[in-house]
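Read from first to last, the chains carry the letters A, B and C; within each, the first residue is number 1.
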């Protein structure tokens, strides 16, 4: 029995959510790497720029009232150690350009080295301005040094960092996703075990679930066990009730019937005897109906949850024929059993199949005339076929398909006690086993052939 | 400042509208020329011609205009006057770097340029194609009985101990005039502790100052000079056959290696052809024939253990330092005062 | 034959005992399991008819202990429960057969006979009349040294005659004995079976003769 609308898989939800989290973390991770690394790269460039500018500022000196500068070689080369970036510098004394690129913009800032990024000669420039006071003939002179560098090296570093960050982020994501699969699998394992433990049980196993249960599932399993407990109780109670009811009804019926038989024997007047016979028949009919209704309910119940096992079809037929032989003999009906030499095995519910076969044979005996024959034949080709061929009155003009409908009887059986459920029960059982009940009128001679067809195991 | 050995053949050809002082100019037409490559170069026509012809045989549709000017003129024309050339070839590395650093060069990249060693390119704008060591050129006659110096200290010692032999017979670049000379001198000042000592010694010996390597070599050959310091080895090599009296001495304390480089100016019109020429130049190492004809040693990957004294001058903003107005002033003042002690 | 009927419903028990008496059998009644135990110890019964639901216990327990004691007395269970669910259990516990209440007495008789036949029958149940020997349990008729298996209704009919040779049985009485209540048959149907018996008895000294207006009786022919 499958649930119609499962509301998604917990495992999939877990994986998807963990995957999303991993993706989110990967992106955050990537952004963090970029921000930190680019900050570090910028800081590095700034530091070198500041060092360069400072060393230039330190190289400024005064010579007989003149401010002079011997541009330190290292001040410029330190900027080009890593990258092939363009370098610009400018040295000002009291705002007047002393040397360098006199159109170079001055980054603004109050204290310490002032940094700025701006466009210069067609490219982005990172520049630093360092200020130094120089005393020239007791006059304070302000020396400003600006050193700028294009950012190609930085952007190369940045793109390398980006590539690495993407790679790391992707690897992180993949690893995290794989781990989340694993985690989901792991987390679901107790649930799977529990589900298997429950699914493995037979339909009638209503014992409490004792499989190892994770804490979170304890309420569910508790509920399940409680439910099964109640179900078990309810089933026991209703079984008891049915048993009790059957007992309570059948015993008085038996009493009435037996008393009626006794009285019937002692009566002389034909009309009284006839009335009593009617009564006995009514008793028979009601008890038979009750029995078949119970059988049918049982068949319907068991069909939902088949307890299948391997069954020898020959043994099954022999058993039922043996059981009904005395009934058949009462009417001098010869039941012949025709079994193939090789074993024929079907998969099925033994009780249901026995019930079906008994109902078909019982039906055949019931509707067969005295001194007639019933052939029970087992054949196996691609299917297991159990044929019951009688020499009864057949099914008349009734629609054969209709015969198996509940309470339907042949149109010509008014004088035979029966509830009409026999073939319905057999048909239900056959269908539950993936088979069918075939009803045909005999081609030669009177009677009908009812065949219970079942798949071979 | 007495004797400026200005080139005698210096011809002032005013070809360009911008009144650029060209020393030489030659056209290399092509049959059915589809494009023109105009080169402004510091290398003499005779030196570079084999390369142009070889280039044209590989690129038949390209007519080449080859103009020669001093490196200072090249810089002035491109930097200040904005003259239009498709390619600037110069031995003045510092000026080439300045062109690129200050945004007057175009970027170019190709598989050929990417194969160049790291030290031979800068910023995808400056591409070195030769590595030319500076050497000492001596007159064999003058050194018949004198040990040949192989280091600067040995040279100083020699000049010092034999002033009578060398007075007026020592030549070097006039760094105030020659861009290459300035470059070599500034690199010397960085690399050698006794550069200033050497300058002073040369000043005391009334060193002759030259604008160009060619004249210096000729003067050594004809006996006017006994020693020429900081001569471009490639020139000397090319003159060796014609001037059997000279000898080339490579110092073993260190050798400045100049990189002749190519830059595509922002004013270039035939950028595709410029690129083709740069690729051709970058592949010079595969043409030993051209190296032999021109005497220009192509850029080759250096193995670290090979000639550790050879130091290629590093392409990069460091070269800007000595171009700094004030630094140059200071340097030239010191140099001049050392050179002209009287 | 002597039966022990273990049944707590007194009315049913009474009716069944009466019914057995009508067939010429003796049936003792035990109301509960302990009574039944006592009865078994004192009398040898041909068969026990056992109800399942009894005031002092479950009939199945009795059945189990009965079989454990190796008592060969056959047991037929009278059950008021649904056939399917109990069937296997009852037969496994050692019941020889079972029948669901309410039942047709002739079916009970048929099952008793079937059980007897299966277990080898009641010793010396054969009766002799004239030169005819008839075993009402197996249904074997021996006429002039030739044994013949009678069919069920022939056997039951002959059993009636053999119970009281010479006595006249009315058609109506014979029909009651022969046909079930669910069968709607005419009085002439009895003549078919009488005819068959007559044919089988022909070589013997026994005959069934028609007593006009009264019925039939079994007599010896000279």
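The rule we apply is simple: a contact is a pair of C-beta atoms (placed from the backbone, for glycine too) under 8 Å apart; a residue touches a chain by one contact, two chains touch by 3 or more.
Just so you know, these numbers come straight off a predicted model, no measurement behind them.
K.L.:
Could you find the two chains linked by the most C-beta contact pairs?
P.N.:
Per chain pair, the contact count peaks at A-C.
K.L.:
Measuring between Cα centroids, what's the chain most distant from chain A?
P.N.:
B
K.L.:
Can you figure out the chain closest to the middle, judged by Cα centres?
P.N.:
A
K.L.:
How many Å are there between the centre of chain A and the centre of chain C, using C-alpha atoms for each centre?
P.N.:
Averaging C-alpha atoms per chain gives centres 62 Å apart.
K.L.:
So, what's the distance in Å between the C-alpha centres of chain C and chain B?
P.N.:
Computed value for the inter-centroid distance: 141 Å.
K.L.:
Compute the distance, rounded to whole Å, between the mean C-alpha positions of chain A and chain B.
P.N.:
Computed value for the inter-centroid distance: 82 Å.
K.L.:
What are the residue numbers in chain B that touch two or more other chains?
P.N.:
In chain B, no residue touches at least two other chains, as defined above.
K.L.:
Using the touch definition from the top, which residues of chain C touch two or more other chains?
P.N.:
In chain C, no residue touches two or more other chains.
K.L.:
Name the residues of chain A that each touch 2 or more other chains.
P.N.:
none
K.L.:
Provide the residue numbers of chain A that touch chain B in the complex, in ascending order.
P.N.:
Per the stated touch rule, the residues are 68-73, 75-77, 79-80, 84-88, 98-101, 121-123, 152.
K.L.:
Would you tell me which residues of chain B are touching chain A in their complex?
P.N.:
Those in contact with chain A are residues 100-103, 122-124, 190, 314, 316-318, 320-321, 324-327, 330.
K.L.:
Which chain A residues qualify as touching chain C in the complex?
P.N.:
242-243, 246-247, 249-259, 261-262, 264-265, 270, 273, 277, 280-281, 283-284, 287, 291, 294-295, 298, 323, 325-327, 329-332, 350-351, 354-355, 358, 370-371, 415-417
K.L.:
Can you check the complex and tell me which residues of chain C touch chain A?
P.N.:
9, 11-12, 15-16, 18-19, 22, 53, 78, 80-85, 87-88, 97, 100-107, 110-111, 113-114, 151-153, 172, 176, 180-184
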